[in-house]
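Let me begin by handing over the structure; questions about it come next.
Which chain is which? They are A, B, C and D, in the order written, and residues in each are numbered from 1.
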Amino acid sequence: MAKKKQPPAPDISSVDVEQWLHMYEQMVKIRVFEEHVNDLYRSAKMPGLAHLYIGEEAIAVGVCEALNRDDYITSTHRGHGHCLAKGAEVDRMFAELLGKADGYCRGKGGSMHIADPDSGNLGANAIVGGSAGIATGAAMSIKKRNTGQVAVCFFGEGALGQGLLYEVMNMAELWKLPVIYVCENNLYNEYTHYSESTAGDFMARAQAFGINCVEVDGQDIREVYSVAQQVIERARRGDGPTFMLCHTYRFHGHHVGDVNRSYYRSKEEEDDWKTNRDPLKTLSEWLIGQKMAERQLFDTIEADARSEIEKAVEYALNAPYPDVSEVEKHVYVE
Amino acid sequence: MSTSNSSGERIITFGEAVREALAEELRRDETVFMIGEDIAEAGTAFKVLTGLVDEFGPERIMDSPISEAGITGIGVGAAMTGMRPVVDIMFGDFITLTMDQMVNQAAKIHYMSGGKFKVPMVLRTTLGATRRSAAQHSQSLHAWFSHVPGLKVVVPSTPYDAKGLMKAAIRDDNPVAFFEDKMMYQTKGHVPEEEYVIPLGVADIKREGTDITLVATSSMVYVALDAAEMLDEIGISAEVVDPRTTFPLDKQTIIESAKKTSRAIVIDEGYERYGVTAEIASVIADGAFYYLDAPVKRMGAMDVPIPFSPVLEDLTVPTPQSVTDMAKMLTGVV
Amino acid sequence: MAKKKQPPAPDISSVDVEQWLHMYEQMVKIRVFEEHVNDLYRSAKMPGLAHLYIGEEAIAVGVCEALNRDDYITSTHRGHGHCLAKGAEVDRMFAELLGKADGYCRGKGGSMHIADPDSGNLGANAIVGGSAGIATGAAMSIKKRNTGQVAVCFFGEGALGQGLLYEVMNMAELWKLPVIYVCENNLYNEYTHYSESTAGDFMARAQAFGINCVEVDGQDIREVYSVAQQVIERARRGDGPTFMLCHTYRFHGHHVGDVNRSYYRSKEEEDDWKTNRDPLKTLSEWLIGQKMAERQLFDTIEADARSEIEKAVEYALNAPYPDVSEVEKHVYVE
Amino acid sequence: MSTSNSSGERIITFGEAVREALAEELRRDETVFMIGEDIAEAGTAFKVLTGLVDEFGPERIMDSPISEAGITGIGVGAAMTGMRPVVDIMFGDFITLTMDQMVNQAAKIHYMSGGKFKVPMVLRTTLGATRRSAAQHSQSLHAWFSHVPGLKVVVPSTPYDAKGLMKAAIRDDNPVAFFEDKMMYQTKGHVPEEEYVIPLGVADIKREGTDITLVATSSMVYVALDAAEMLDEIGISAEVVDPRTTFPLDKQTIIESAKKTSRAIVIDEGYERYGVTAEIASVIADGAFYYLDAPVKRMGAMDVPIPFSPVLEDLTVPTPQSVTDMAKMLTGVV
């Protein structure tokens, strides 16, 4: 799919180096977090499976950087990046992934259901496309309560197969709801290339409803952030929803257990993205080239992230499981 | 169009009672709003909501596209973020389209989030056959929602109950499905002027008796009451118990009645097999085991798609006569 | 919605007068049939409700004229016109509407479920948009069996609210299935104008999937027929699906009981369409203007239709109901 | 990967048995085809279909977009027009998205058309918890389909049964839902080389006994068999009855067993309330009323959304120990 020249070249001149470095930190945090998730799986310390966000970090971070803490997001099965970018703490994230009582959902949700009202995270969702209604409803609630918030709905391009998305995009535009549909096109629905599952044009699917549409290089956080900022402000102003198509790639398998991938995508393709379109590298190289930062700084940032995350893993591994009485709690609000 | 009966009590229809409950809650709590197809100017297909849009305006009585999944999802998101939506699904048969949003989302969010989010929404819809509406507009599918932890299910039988239970449903912090028999909208009954709320989960003994218990839901309560009259004439005293909600189910009241009478028939308009009658019959058979003089009998809708032809459709639903015959058999009066 | 200049001016020179007159006969048959349905309802001889096709006749007849008998159609709650145009007999149609054993579905389906394998009618459907999957599946079956048939899916513009439609349009285009989606935009979803339920552009909703799109004046059978022929041939050739948007109007209420309509549409609007855009008048005036037929001929055609239909009504009124044993038949294929 | 046991019988896994059944039917009947997400090259998420696409090609083993409603609808249409589709729904939790097409369409078409159309399709999906997949990937929702006239429902427990029942399901002229416990794919058992078909609706006594009847479905059969071993050690002889299909339900075999033993427990992995255990328990309580020495007990999944944390999840499912305890209580052995 050829990239269209939709959004005007983003204006990033107002972003200072502190902010870029903060975004880099966030991306590194996600990257290192996910590496540890993978390790936990491989060492059989984590129950179940997990879907890693590595390679796609610029999208979650770039979009969430443009949000306020009380803005809402909804997320997906591949949700760790969104949760962290929106402000979740790594220790309680790991605790959740390990089914511990201190996890964000008291261990009851796990990898695919992390939710956190404090950071505006309405929840990851294990139903592909399943959160499109929730995000749109949150946007309706915002409008009714007149709070000036926005809601962001993250989803993979596979969700374009779900009818629900079209139902709610129609209503979002009809009622000019402050919701941003962020489509992360990482080329694959599980093990199937999107071209085998998706006819026609991605952008046109939202344009058909009259929705504002923008397309960005999801590997370049400068573009993601500045475009996100524009469309989020537009939504806040009351001008309605945006569909934001982000081109990206997951560097790992569909989930941690998806190791032999050659039957659906080539090693060359993977290497090409990892080498030439790594969102972390893209940002750090640019900052270095712009003389806004020195290479060594990025090593420090990464080292800091590693030590924070190692501590968090340690904490989570040692944390207690929920008491068995928890199993029947929270079925209903009393 | 309220009238009063000889004892000066105010008499209104079932439809009016539902409308009153909604109007009172809309007035009381500005976070309450309704969304559905043709609910505003048209006041729904059954004209139950006529006039609400005049008082509350189109922002609170919202006409929607024909998108049952979408509006249910929007309801979930709005409920999670401070609103109390009442989602109107025109015919109970269309809940098929809402199952993912109701079951995988609404019902589970409180639990999956470890108690952090709640979903205070009401899905209001219909049940009931004999309206010559054929197989896709006549089903009573409340057993499905009753099966699902996290949901509550209301099946009112009288105007009085409908009003009090609807108010409780709206105030409940959990997702509640509210099923109205579309043949009952003109049914009249006493509804006081003063405000009242009926808690969910409390059965009501609609008629006392000593020889046999008839547990009946929704419009089947009238069938049971008519049967009780017929049985009275031949000296059989029937008690009619109306659970009013299939979940929470007031097992105690039901079991106590069966223990007292030692015989029971469960009557519900859903398909008989794997339906509501199965649950309640097995609750009785277990809880009153040592008191029963005869097997608990179940009378649901015949296990066939509802036929259009009146001569066939009328055969599919329990009638006072068929209930009477069953009761006579159980009590050994032949 | 402004009419686009999509299809090239249709070539109708090859159609001879016989064929035009045949189409006229078909349209008159539908018109008179529906008038009698209305009468049956008003005289309380028909159980339930019915949705009249009056005003929209040119679409069903124009499209079906371009189909072979073994091509498939799926239809809607407003389905009598489609069924008749595809070749159903009026007597058995009335029998079905009255719930009689000789009806197309033995009285078990009724107005909203008429189906007839002999004429390729896979069935009317009372779920808005509910037949989109069936038509697309039939098209897949055609392709697999390599029979050269096509499948036509008729639906109202309200079905654009249903996610299912988008799911199957995607697959139809992906796999180049021989299916034509005929959208009958009669301006209203029940009592709601489409502009209140439908954001953006109708045609764009199908174009987004890469589907061939055409737009016609649904009141002009010359245009409907010639465009239908082109896109049906295209589908037969294996070039894939078409979305055919037809602008039309229902002259009567949403259903036979919808008599007071002023709250959602004006008498002037109705009169304008009836006077200036009646599909029967448009065709007859044109044929007269072209000197292809004389005015009196149309009176004769109508008189013949009336007498055929009166006989059919008579027959159906006197026909027997199904035997009560039918109620449990046909739940399963034995 | 078939092996053979000491008596020379061929031993294969449950997954292999399902694949064999599908392969044999695909070979036998060219109208059989499969459609689903990632079923071709990926061979499904559970790798059950690995290799089928190599033998039968992508036209018969079709990868689809993530459109559960859409592919089910397409299945219905294809089935009505001469094909025998097997629609693959990756997780049983996603049948929420297929309910309208399965229940309002597939289940009713034969009846609504007065017996003229039939829908010979299979919906193949999963059930079962304890895989650490959390609330949206662990449900056992077969009770819903079992409730619906027009559908058949298969819940096989052994490789032998799975193969024979799958072949019967594909050859059946009705829509059949086929639920495979995802924890059983590696379970091994004897499956002969020779072809065989097991009729739907015939229960199988998996173990004979005299003191108590354990009616168990799907993987709960193993739980019941293990419990039976434990009970044997304390002198209680348990009979294990596997209905194999919840509809048609072999009431006679179940009731006969309960009459013989005079005690019964029904074990199923669906939510307990309003679920499969309710139906079967009430069938027994009614049919064996005069023979029962104790109330029929039900053991379903705990009525909670399935929690992620292993320490909680394992509490939600019946175990050999919990079944043994219940049996001891019923037989008065404490």
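Just so it is clear, a contact is a pair of C-beta atoms (placed from the backbone, for glycine too) under 8 Å apart; a residue touches a chain by one contact, two chains touch by 3 or more.
Bear in mind the structure is a predicted one, so any value in this text is a computation, not a measurement.
Student: Determine, using the mean of C-alpha atoms as each chain's centre, which chain is farthest from subunit C.
Tutor: A
Student: Distance from the CA centroid of subunit A to that of subunit D, rounded to the nearest Å?
Tutor: Taking the mean C-alpha position of each chain, the two centres sit 37 Å apart.
Student: With centres defined as the mean C-alpha position, give me the subunit B-subunit D separation in Å.
Tutor: Using C-alpha averages as centres, the distance is 31 Å.
Student: Quick one: report the Å distance separating subunit A from subunit C, using the average Cα coordinate of each chain.
Tutor: Once rounded, the distance between the two centres reads 46 Å.
Student: Which residues belonging to subunit B are in contact with no fewer than two other chains?
Tutor: Residues 64-65, 67, 69-70, 93-94, 97, 100, 104, 111-112, 134-136, 149-150, 303-305, 307 of subunit B each touch two or more of the other chains.
Student: Spell out, as numbers or ranges, the residues of subunit A touching 2 or more other chains.
Tutor: Within subunit A, the residues that touch at least two other chains are 105-109, 113, 125, 127, 130, 160-164, 167, 170-171, 174, 196-198, 331.
Student: For the protein chains shown, what form does their contact graph take: line, ring, star, complete or other?
Tutor: Looks like everything touches everything, fully connected.
Student: Inside the complex, what are the residues of subunit B that reach subunit D?
Tutor: Result: residues 93-94, 96-97, 99-100, 103-104, 107-108, 111-112, 134-136, 143-144, 146-150, 246-247, 249, 270-271, 273-279, 281-282, 285-287, 289, 292, 294-298, 303-305, 307 of subunit B touch subunit D.
Student: Which residues of subunit D touch subunit C in their complex?
Tutor: On the subunit D side, the touching residues are 31, 33, 59, 64-65, 67, 69-83, 85, 100-101, 104-105, 109-118, 120, 149-150, 152, 173-174.
Student: Flag every residue of subunit B that touches subunit C in the complex, lowest number first.
Tutor: 37-38, 41-42, 45, 63-67, 69-70, 93-94, 97, 131-137, 302-305, 307-312, 315-316
Student: Under the stated contact criterion, what part of subunit A meets subunit D in this complex?
Tutor: Touching subunit D: residues 47-49, 99-100, 105-113, 125-130, 158-163, 189-192, 196-198, 263-264, 321-322, 324, 326-328, 331 of subunit A.
Student: Given the complex with subunit C, which residues does subunit A contribute to the contact?
Tutor: Its residues touching subunit C are 160-167, 170-171, 173-174, 196-201, 204-205, 207-211.
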